[in-house]
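Right after this note come the structures.
Each of the next two complexes has chain A plus one other chain: chain B in the first, chain C in the second.
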Partner chain A sequence: MAKDEIQRTYRLIGTRPDRPDGLDKVTGRARYGADVSAPGMLHGAVLRSPHAHARILRIDASKALALPGVKAVVTRADFPTGLTGEDWNLQENTIAGEVALYDGHAVAAVAATSRLIAQDALRLIAVDYEILPHVTDVDAAMRPDAPAIRPGAADHSVPEGLHPNVVKYIDFGHGDLEAGFAAADLVREQSYTTEATHQGYIEPHACLGQLGADGKGEMWVCTQGHWYIRRMAAAVLGIEAAQLRVTPSEIGGGFGGKTTIFIEPLALALSRKAGGRPVKMVMSRAEVFRATGPTASAAMKVRIGMKKDGTLTAGQAEFRMQGGAFPGAPVSSALYCAFASYAIPAVAHVGYDVLTNRPKCAAYRAPGSPMAAFAVESLIDEMCRELGLDPLEVRLKNAVREGTKSSYGPTYGPIGLVQSLQAAQAHPNLSVPLGPNQGRGVAAGFWFNHGGETSVSLAIGEDGTVTVSVGTPDIGGSRASIALMTAETLGIAYENVRVNVVETGALGVNEPTHGSRATFASGKAAVIAARHAIAEMCRRAAAAWGIDPEAVDWQDGAAVPAGPNAGKFPPMPIAEIAARMGSTGGPISGHHEVTAGGVGASFGVHVVDVEVDPETGRTTVLRYLVVQDAGRAIHPAYVEGQYQGGAAQGIGWALNEEYIHDAEGRLLNPVFLDYRVPVASDLPMIDTVIVEVPNPGHPYGVRGVGETGITPPLPALANAIAAATGARLRSLPMSPPKVLAAIRAQRGG
Partner chain B sequence: MRYHRPESFEDAVAIAAGSGGTTRFLAGGTDVLVQLRAGLVTPDDLIDLKHIPGVAEIVRTADGGWRIGIAVTGAQMGRHADLVRDWPGVVEGMQLVGSTQVQGRATPVGNLCNGSPAADSVPGLVAAGARVDILGPGGPRSLAVEEVPTGPGRTTLRPGEIITAITLPPRGAQAGDAYLRFTPRTEMDIAVVGVAVNLRLDGERIAAARIALGAVAPTVLLADAAAAAIIGTPLDDAALTALATAATAAANPISDKRGTADFRKEITGVLVRRAARIAYDRVQARTGIQQGEDK
Partner chain C sequence: MTRIHVTATVNGDPVEFLADPRETLLDCLRDHLGLTGSKEGCGTGDCGACSVQMDGVLVCSCLVLGVEAEGRSIDTIEGMATGGDLHPLQRKFIEHAALQCGFCTPGILVAARALLDQNPDPTEQEVRYWLAGNLCRCTGYDKIIRAVMDAAAELRGAA
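For the complex of A and B:
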């Protein structure tokens, strides 16, 4: 039944039915992380370091424990010792050991009979700190006088003579760089910086954890990946993974930030200490900002060679990134993405992963790629202007296509960058005339996408309706897409398929919904699981008809004789087979598990028009276009939603979002009032064009679409602002004071 | 914490004066409840003023001005066509507070008494020459709006004193006002600078002006020198330049997470020119309409 060729016409794929979780979400019935409660539940709260870097001399919780209603206090002393590698990093980030490494680092946690008592108890815990010198900027952290945050944390990749805060060094490339630059008519080098930004999910982290003295536990949690929570929490607590059952709630956004642990092991440790009573923990927004993963901040130097006709001859990138007090800034993926959109004969990349006194960075939508795009796509734009070339034409001229060897190694399969550039050129937004102080910017972007460990089960119900069990939490409409693909494969109605996101006990290991993989990987596994069920249903029909199973086909939701030679039998619909399955051999189901391969990369092109107030430096986004290759848009509305969401987050990152620290390294803006993500009225309706170059690695041609969309906005905005004002901004955010200063400098110079 | 729901200002004053501890009045609650949840204040007595008869009304006074009750919300002001016609600048200050949802609760009195230098409705009220009526244990008194705040979170109200209404003077002919603020976002943001301008013309020329600057000093500033720079002029380019210079000089901002002192001064000059222009154009439009109605 395997299809060699990707089908082109579909009954359901490409339609836009209501999402199955929609009604629950708009009526408030959906249960998010903080909505779960249990009998006998306690409330947890976390005491956090008020210092950016401080040695913990003493923690005295005796007064807190004496407060009526307080049932447990945990510190690092309640966690096992001897962890290594990333497990140690996770444990250290969950609760500080000898040193608090950033403002907001957890130092102790309390469980009490009410949230208010828990909060009061925090104030009764006495901690003596010895304040240490701190550093929050990546370049400052590499200077000789910077405090060494964790001497010995560097791995073997780091050359001698670098500051101990440099924990990883990367160096790769191909081609003859000197020859490449020599062949260019124009060589330019510039430096760029981007700020750390938070994923800004609306739902703060929340969980309910229960752990007994026997090491058996349960957890309900808002997460992108409950097997990750299970593995990480078990490692940090020293318990067995299989004894911890983790159930995901609905999720109010994650964007990569909910693929790791923060409060989860604390809730379990408190529960264990409180005699196994369940403990609920819900972060405040300030805790989310101070202690959960933003993305890295970056300092970047890029050098590019271009011929007069726009041909790129060489590219060189040096990226320095800080990802907080732990290794893990996405510097490798940033470098892999830097020149991934272009066929350049010679490229060289160097990267530094640097420790600072900031929270441990977490994944954020296409980790590293937006920063890389900001530097490379800005410089290409600048060079196009200098040479009087059309920026879209130059990108088309150099664009990677099927068969191009990528800047980071692999050779591309079928990809859609050329088609996306052409679709952008053809879009009506490109011919809207611009007025004074207005400018248009374009940029391209790339993300690899990911397959990953996947396990899916599908079961036929007694009435012929179908349940699909997946392990990837639904963040952006994946249940709708998986139901569409399953129904398409089985030849039944979309409404007859229910997709459930199930707990860790119900399936094999699933990686989180990350890497734009849920619709790709769980979808692919669901289709294969459906094919297994179809094969079994064909066998049941064959047995009933007394013919060979090979002589049965599946058509429009029913078993049919494969041809005239098979015999004359009326179609046997799924409902009929299901009604009798108990007496024909038992339940019918399908299952598939795999580390999904066949991933297809997604390219995108954004075009933005802005108006800049020359007297205040304030940028208004007038028009915004996202063009991106989806491979196949299973549910186009949710593909468009991903495109628009990526653009909206990128616009915030480009224009206003930043972490503001005081001189002591404390975060001054841990609230949405002062951490300025765009609000609805800041954005125009974002126009989208879905390009479809099917991915041969997926039965319906799907490539992931979730991440690429955040990649082009940073440079697209910078290029538009440059077009509007003549001033080139190479440092994010492009907030009004900085734009105004750049306009002034431009006029003065 | 004790919650009270008095039905007269006299009762409210008695409760407030009798409280030994921290008191807060509850109007819209969009400051108080947020501060309470964040643990910034935990009042001993929380006195809800919304159930006192008449507090949610906007009424025309005998002299032709307006009396705005202490529970009147921003949304209510925006829907009041006559008030909007007389004092568009006062109303637009409240209309910038938060979002549609916040404006359904937030009041100008709460905005004033919260004591934020960046409060959006205060510059417009100061420029308008608005006053507040006060009742306290020592009896009633009245203050100009600019006399109420003394610094971030502080006011001249004495223990037990309550504002019972805001009054706006009669608008009169050939007059108009405007409020502008600068924020990086379109809404849900705090003013980096706010500027209100209130003008009266005599023909083409400005006969009287009051200019108030927000978020550039510990309290909203009444910038007399800026007003003087345009009085007697037809708001030509020279006058606008002089106005910007005077307003920028009057501004005395700090640098904080929301903006540097230099940027705030610079923006003060930009906004004051723009707000003056809007107010001036409103006078002319209003005068045009009135003349049309007279015919």
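For the complex of A and C:
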């Protein structure tokens, strides 16, 4: 680690100014997906399948269309045919074709002059179904007697003889596995399961779409990525992407779940059918749970070899995941993450992506990594206990560092796992004594992070203030971090930079705010755009001074002669250059577009103390510590916020959250009362330590920080519960009845 | 269905609107009065994003019918700042970075104000239990709790 870089101080980076959109958001003024209306607007509603798997024999909407106020009904017949690959999957998920594939699958949609009339109209649409056998469990879906959900959906990776529900097979590794296990003093193998959980953003999906007969349209939508919405909706509707102008609203949380389409093409199709009137669609919470998100569920088998001193010698993982009725469960990324934290001589991975009658899974914060961590970090903990070793020491001993070849192939650059483990060891939480029924659990976590397609523009205003246009919606303070980096680069005040999230017509293609990339990629592009603007401002100053542009430097927000030989001129501040730019060559701006490389992975270590009530099995989180490498924390408060939010979601996944289906495959808990996410009284303060091992791939050293934090809580909680009770839970969630049963089984056995 | 004429006071101003008897107070605030600061996260009383005060009592406006507002006084997030001055809770939320996406924020601010109105010196645990009906999926609550405690301290100091 370059110490001088770590210690380098900046004027603005690392400070905690008020976020630019704070005022709008504390006054209720900020406009989210459902907050906007348009003249002549209609309201849309969706009819959804009540069956987990059923052939659609007939849809009769005549009664609905006869209801006064109803302007349009659409079914799959209103969409183009002949789509292939993921476009077909998206269309099929938007609205069912011949078969409804899960409880909640859209079957028809209606637009009417009011929301209530639209709801009434849904009840007047008659659908005849032929109920088909269904399957919702991943292992059941692989058994020979399981109904084939979509024969022919498998890709070429799947070996002969597997059930047609297996649509992708993954197999990779390196090293001599047999020799690795032979070198171990202890070899253990265990199986684990995790249930599907939902991203649980508090804002339901909402959009306002308009599409004319000429194929030109507009959309206002809450999304993590409006270019993705544009491309996907255009493909599903058979229109040209450039004719669709998509403006992102403020977004009430996404966590990966708002990177794809659900109701958006329906709003546009309804609008087109209703003579181009705008159509607003807002999902109910039950629709969000039944038809969007969730993450995959997983069944996992892990085998690990360890020496007496804690050295890991071999690791083997088999993960089976279902991501609903479509290919796309995050099996590959789960396997890539499984052993990513450790230097192990031999690893082998096998994965199965399996179809079931559940909603199409969407990305959820570090997709796949939390499940993988639950299995691997639980087993490592169990083996440490068996050998009487300290779990943090064992992790340090095996931790990957700069130059280690990762379990999934690439060799790591500078990374901060060792530093994070050391910071965790040094934290005061580690020396708090524990009482009866209390236990401490630790776990590490990993996420790759992502760069992605990025386009940013920056314009100097007439008064020397600066507008930055980015294409990554601000979900957790990225306007603030991008403004800080831009102001730092330009040498001007933070307040003099305004960062706008702009619509699809204003920039080149931007990937969504996903992969923890907004501050990394849009920030990096904004810094480079600022440098372009600086170069132009230096040229203008050089022209005014009559010297060579090479002889001009940029310092503290002003052009200055580069040295004594350049001549003696007073600094020319940005405001002065800006005031005269019209007569010195025209507007000054900077632009940068790139598929951003130089991503730095982020490792984290969590330590949790719990108390388990032996009478009820309820787990109380007493203390929680997140240590994670941020590369460089641009706005530390929002970095801490990512750590704390990720931990809270992971705690919910570990202890409570799960999709529960009845025997007919219907989701039993599509409301927050029954799908219980952590509330304020469930949690303690969440302590954070920001480790900073700068990422050389970013001008200020940034790594993405959004995702890693959801990964360690699952195993950390399992490890803490095992420490508190002696009972090892290998199936999530670790809800009170399951913990109680495990405690009783342990006592009995 | 026949709409019903409703007269009420919202944030101190007289208002009237026509409510379908099936519409919630939240629907009426958002769709008839243009007050979209109160949010719908669930519509079932589970998330608190729609929190408002009705005659001083904290309610989920998604669980109140619009017609029930007749003759009542409603306070929403839009009325929390007085003129250009933010309520200390609003200021502290910005200062402590107590919001990420901000969707839960209006409801939490309204609920927290109702707490501080009746308990100016709450413990951390009291704040946590009072806000247990307000879901935030982004923050893990840590900074929210700190902001509320800090605002309470400031309000006590000012009193």
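We adopt the following convention: the second predicted complex is superposed on the first by the 742 of 749 C-alpha atoms of A that agree within 3 Å, B and C clash if a C-alpha of one lies under 4 Å from a C-alpha of the other, contacts with A are read in each partner's own complex, and residues count from 1 in each chain.
Just so it is clear, contacts are C-beta pairs under 8 Å (C-beta built on N, C-alpha and C of every residue); 3 or more make two chains touch, one makes a residue touch a chain.
Worth saying up front: this structure is predicted, and the values here are computed from it rather than measured.
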| item | value |
| --- | --- |
| First (chain B), second (chain C), both or neither touched by A:F172 | neither |
| Touched partner set for A:Y201, first chain B, second chain C, both or neither | second |
| Partner chain(s) touched by A:L673 [first = chain B, second = chain C, both, neither] | both |
| Residue contacts with chain A in the superposition, chain B compared against chain C | C |
| Partner chain in contact with A:L23 - chain B first, chain C second, else both or neither | second |
| Contacts of A:M685 with chain B and chain C, given as first, second, both or neither | second |
| Contacts of A:N656 with chain B and chain C, given as first, second, both or neither | first |
| First (chain B), second (chain C), both or neither touched by A:W545 | neither |
| Touching partner for A:Y129 - first (chain B), second (chain C), both, neither | neither |
| Shared chain A contacts, counted only where both chain B and chain C touch the same residue | 672-673, 678-679, 681-682 |
| Contacting residues of chain A [partner chain B, same complex] | 119, 615-616, 618, 655-656, 660, 668-669, 672-674, 676, 678-679, 681-682, 735-737, 740 |
| Chain C-facing residues of chain A, complex | 16, 18-19, 21-23, 25-32, 34-35, 115-116, 199-204, 250-255, 282, 284-285, 475-477, 635, 637-638, 640-642, 644-649, 671-673, 677-683, 685-686 |
| Of all residues in chain B, those that touch chain A in their complex | 39, 99, 182, 184-190, 257-260, 263, 266-267, 270 |
| Residues of chain C that touch chain A when the two form their complex | 1, 20, 22-23, 27, 30-31, 35-44, 46-47, 49, 76-78, 80-81, 86, 90-91, 93-97, 99-106, 109, 124-125, 127-129, 131-146 |
